[in-house]
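The following pair of complexes shares a single chain, chain A, combined with chain B in the former and chain C in the latter.
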Partner chain A sequence: MNDLIALHNIVKVYPPNVLAVDDVSVSFCKGEIHSIVGENGAGKSTLMKLLYGLVPFDSGRIEFGGVNVRFRKPGDAIAMGIGMVHQEIVLIPQYSVWENVVLGAEPVRTLGRIDSRTAIDAVRSKIEEFQFNLDPLAIVDDISVAARQKVEILKLLFRNVSVLILDEPTAVLTPQEIPQLFAELKRLRDRGHTILFISHRLDEVLELSDRITIMRKGRKVATVEASETNKESLATMMVGRQVIFTSKRTPHQRGELVFEAQHVDWERGDGLKLLDDVSFSVHAGEIVGIAGVEGNGQFELVNSIMGLEQPTRGSFLVKGKDITSLSILERRKLISFVPQDRGKMGASLSASILDNAIMTHHRLEKRFSRWHGLVLDYRKARDFVDMLKERFSVQMASRQSDFRSLSGGNQQKVILARELLLATPFFLMDQPTRGLDVGSIEYVHGEILAMREADRAVLLISADLEELFLVADRILVMHRGCIVADLMTEKTTIEEVGAYMLGGRASA
Partner chain B sequence: MKRRLWSGLVGVVVALAVGALIMLAQGYKPLSTYVALFQFSLGGIGPFTTTLKNSVPLVLTGLSAAVAFASGPVNLGQPGQFVFGALAATLGGLYIRLPAVLEIPLLLLLAIAGGALWSSIAAFLRRAFEMSEFIVTLMLNMIADFFTAWVIAFPLMDRKAFSPMTPQIAKSGWMPDLGLLSSSTLVMLGAVVLVWFVFHRWRAGYEWRMTGQNSVFARLGGCDIHRNFLAVMLVTGALAGLAGGLVVMAGPHRFIKGLGANYAWDGIMIAIMANNSIVGTLVYGVFIAAIQTGALGMELITNVPSEIAQVLQAVLVLIIVATREYTNVLLDRLSARRQAKERAA
Partner chain C sequence: MNVLIGLITGMISGATPILLAALGGTFTFYAGVFNIAMEGMMLMAAFFAVLGSFFFHSWVIGLAFGVLGSLTLALIFILFSVKLETDEFVTGIALNLFALGITTYFLRQIFKVKGVFTSKSIVPVPQLHIPFIEKIPFVGPVLSGRNLIVYIAVIATVFCYYLIFKTRFGLRLRAAGYNADSLDSSGVRTSRIRMQALLLCALFCGLGGAFLSLGYVTLFAENMTAGRGWISLAAIILVDGHPYGIAAISLLFGFFDGLGLFLQNYGVASQFTAMIPYIATLFALYVYAQRRREKKRKRV
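Our next item is the complex of A and B:
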């Protein structure tokens, strides 16, 4: 066999008792693109981090080129020729491309002065060697996300790695940027590099890989040839049951006007408009999606609607009532909210499940308090959590367990349930499925569609176009703080929305 | 809960062992020293009630710190709020004369108001100018210290005394002797129960706790975090002020120089040892009071200087906090290893 890397019976437990990798054996050949697919929490990232020396493993062994190895730190792995590009890009934005590439391995002259000419030449020749189309003198802050990712890869190639691990590299890219990345990866493979590609996007994986290893709940399900499988069978192996990729959306008559944004501007301190004349409306029984590359004003829009920030101009109306200057508590009587960041905005991880579940209800619902709101009725609160657990089938050890002890999917269920059970006409959801596994995503989508049936107005902000096409009735596209398109889902395509996201206008 | 109890116990035992090593190195006999120490603080009803009485300022300032830290505000102004509470109670006792049933509650209320007044300055400065309460409360401690020193040395000085102190307060404002349990201990226990109830059962307490753990989440959930901040500052100032008032009313019955001693700083330490838990603050407060109380008796019958109690106290704080954190890491790692072994087998 020409196995370059072989993992034997690897076990990793995250203290105290999360079995992240469960007796996994897998091998990777020289010169192949090998994808690792699985739901979130399936252990694919952890497996790669174990190989890379970022996380220690508890038992098993790793063979690299026929020799047993155990990397204590990533530096050891890089020295042996294994490099990893993480999901988040970690470059110094103020530095130029070449400075970022050589950082930590700078060619120096006497007295430790950096030999910039040699460095720039070396970086330039690497760029040409791999046809990366980058300017070594450009400042990282000024280049696109796709280009930054290339810098990350270049950084590793500069250190002469032969094995590249990429952790969900396409998550930060727009649909148009992905083919270019894939072309570059294939070119690297043809020159003898081994590429380990972590992803849960099956279409991409099928297009790119030579072989695919499927993981579920920390275990390896199978390793298959990409040419001998298809999306449905991969999904079945990933999830352990059949997954339906088509929308369950049924025609539904939209009702009265519920939410309205009228000419909203939000200016940063330095005068930059992060929201620029944003106007749109959401009706009862309608799901309106907002698409856009992250950082195009979605965050400011959410904060302004919720009252964390005051817009500089314009107003928000719910059921005809101007909420722009209301307190957050007053807004919460009209708005349910699922934020994108569960641990920072949606819950308190160190508080109990019960404490998390009654937030907002503790003020808006009379039955939770006695003595004119002085004392909370914890018995009612416990009944409430039991009901919520039953109705939304939340897996929890006890009501008093820390919120952090729940899995991501169950955390989101509690948050979603809490917000659903508020009697509000308008529901704002900011990336409600981020970081969830396929099963939980299906569940959340089902709940969103049920809200539509119940004639609530839903505004869904998502970076995931497939999600928007699955559930939204109408898709608005945000670009640089403006709403640049308002499209009926039935009358548009992913490509059209992607073009608006990138350029602000369709350039078909 | 069970784990917290165990890690606390382990911490205490380890700390006492380290204290014993220090005493050995100094050439003292640790065992007989500890026997003397705890005989004079916990060995019998008499010593125990003295310990309880001595724990009053420690527990109350500890509660103040625990409630503040668990709710968000970094109120480190207990020393200042303590002396302002003491001063307010003294002023009331000097100029208002009522029967004891009215005088005592009035003076306690004045002490509460005095502490709250002092902490409200920091709360106001935070609201108006976004000044960090962390630094403001620390600075206000200095001001309170020198202000009360001036008050007892000039306007309120007792001319007959040799060192700066006020005259005695009205007899009706003295905390009465109830025999076994001192009346100030009862006030303290009442305060502990009330604070626990507010913190764990009131809606306000729920919002304080949630704000302390994640203020953005609490704010998005509809909690008025500005009003809660003010409320917590006032309540915690009031608790420290009450401690000061009780020290005056139960002890020297006047404001004497150095009245605040180290009570408030010890209280902050106790809150840290207790990880801001209210019951924990009571337990550790009494424990520290036992060491401080026993130290005096220990000095009487052994040749160990009472300063060793301060060493012991410092060792306790460090080791209990370290043990708590480390036990958690250790237990987590152990169970991880056990599970890994099971899978590999």
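Our next item is the complex of A and C:
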């Protein structure tokens, strides 16, 4: 195979002393899909940013098509034919698809007037060429996330790039949208494009790639042929130890009734019922999972339980006590909560780790304050954080560092620890492992199972079916605001749950 | 009849400076610059227009000086807020205060007067008489004989619409405000677009300010913009920066401005009539907020 891009001994140090990329040499061929996998912070994204010119590297060299190159800014890379699609989609929602595609390379007529007909025709022919199934006139705000991602790719193809770097493109897609993206990427490869795919989802990587480069702690571990490896060996190389993908769930007797939802409805302002007669219960020592395609009422259910929204009908009970009209603080005495959005609802990114760790505790527990709650007792708070750090092995520079400075896995550990240490009978978790790497996911799963051993009632909402099958005792499926199935994990299959998720199958 | 013509011409005169400033502000509005310095830019222009016109006995030089005065302010804005990345709001406040201070200072130092400077040597911007149309009853006296800058403002409205919505510059300008990261990653430097927007803003505010001191009246008074820059900001926000909407809003304010002057002839105290444009602004904001709340309620 011919090497199109070759990285030689690349080193990147983030001041003062973080070695992000450590002497990495790797080459990418023309017309291959090459995945770069690694845990969060393994240096895979940094490596791609170095190649793309977003971040300068400290030593080493990059060859592109046989000549040494060094891009100073993204525009240089695009001009040479290398484009990158970032994790967050950066399009202009108010603009149409074609306006987004041509922005920065607009065809113009006299007086700077945009030649929209030429532009639309050009965009349309690109869409047809790559079979992207997009309407060039659609407004980006109205199209799905998957379609927006296609617009990003199209934007680069419009600039005639031959190499596409995709930074975790599947993170924002629903499970149904992923196969389509993969089909399109494979089609691009077959037309001679080179695709560099960053991910930490091993199943996807194995399905899509020709070759896989594994990174760990800034170093390249190996480059392997996808056909000659498997998930277990990739995970072992990524994490540096064996990862177990089978459930460690042991039989456990469930206890008394803890949480109950009774005939809960929630109507949106326009009368659309997003929760429709939702009833279920969770017992002590039981983990109940809620599966469902996103947007089928899970978000509204969580908000209603936590008191962010008021249900239009029905009630929630914790240990027999009706909480439906309680304030959020009152509810927090009974419910521990891990929200899906770590950076917004779960924590304050710009507050310190200490502040984040004692949130809620400082309101509910007298020991953290003096003078009848007027003044925080920081000595106690510091002890608390040290204990938390020790017990949950959180990697942090100092208690006073910004929460933002923690890695995703460590952020989630702090939130999880904070919620675990609240003495509540009921634990509500909304997508607790989203965006975490394999090692951290394993940790979170371990903690969830430990809660069950401690006889707490756990409600786990997850879009990841494998996760539910690993930890949940019982799986409820939500479809269009209704609970359409209540299945014992041992007596069902991923396929059955998937069918309920998509069709809300009534008979079966 | 004459009363009506008087009201309409008063409305046009009152609307012109607000329209020009708001058109200027539209560029920064779309470019994503929180620019509140229109007031200061206009005041600088009003002063330097009088200065140029007085010393060179030419309204052309007066206009040029006015625009240069407001461009100076824009350059300071660019230096601080685009290059040094200071807070735009604080920068804007500082520049407005600076403009008020420096024009008052120069007024006293150069012209040795307090409050108002007026002189026969200040050459105003001429009125434009359009042949034929002039002769038409009623329409003639309204359309013809207006100040040159009024006609510039009308053309500017169409020009701004074209520039913002039809051209490459406009596409990039709006992109800068909607999502700067997207524009940057498309290979266009947002900071450069924002600089151009600020310079354009200064150009239009310059014309608006010059109109105040060389058209609306022929004199310079301390703080003579009297909040018109702020009203223009309100106008932009009210119509989401659409040039034609801005023209309509400006005419509305112009009407209240003219109405104030008109009512003075009927013995209403000037302190009260002077309030009218500001009360109208508050009222318009209230209506706008209500309408937006209504829209939001419908959407959710």
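Convention: the second predicted complex is superposed on the first by the 342 of 508 C-alpha atoms of A that agree within 3 Å, B and C clash if a C-alpha of one lies under 4 Å from a C-alpha of the other, contacts with A are read in each partner's own complex, and residues count from 1 in each chain.
What we mean here is this: a residue touches a chain if its C-beta (ideal position, glycine included) is under 8 Å from a C-beta of that chain, and two chains touch if they have at least 3 such contacts.
A quick note: this is a predicted structure, and the numbers were derived from the prediction, not measured.
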Touching partner for A:103 - first (chain B), second (chain C), both, neither: second
First (chain B), second (chain C), both or neither touched by A:94: second
Greater chain A contact set [chain C / chain B]: B
Contacts of A:78 with chain B and chain C, given as first, second, both or neither: second
Touching partner for A:345 - first (chain B), second (chain C), both, neither: first
Partner chain in contact with A:155 - chain B first, chain C second, else both or neither: second
First (chain B), second (chain C), both or neither touched by A:112: second
Touched partner set for A:269, first chain B, second chain C, both or neither: second
Touching partner for A:409 - first (chain B), second (chain C), both, neither: neither
For the chain A and chain C complex, residues of the former touching the latter: 74-75, 78, 86, 90-95, 99-100, 103-106, 108, 111-114, 155, 268-270
Residues of chain B defined as touching chain A within the complex: 201-204, 206-207, 209-210, 213-214, 216-224, 329, 331-333, 335-337, 339-341, 343-344
Touching residues (chain side chain A, partner chain B) in the complex: 9, 11-17, 19, 22-23, 58-60, 306, 308, 327-329, 332, 337, 339, 344-351, 355, 358-360, 362-364, 369, 373-376, 378
Chain A-touching residues of chain C, taken from the complex the two chains share: 162-163, 166-169, 171-172, 174-175, 178-179, 181-183, 185-188, 297-298, 300
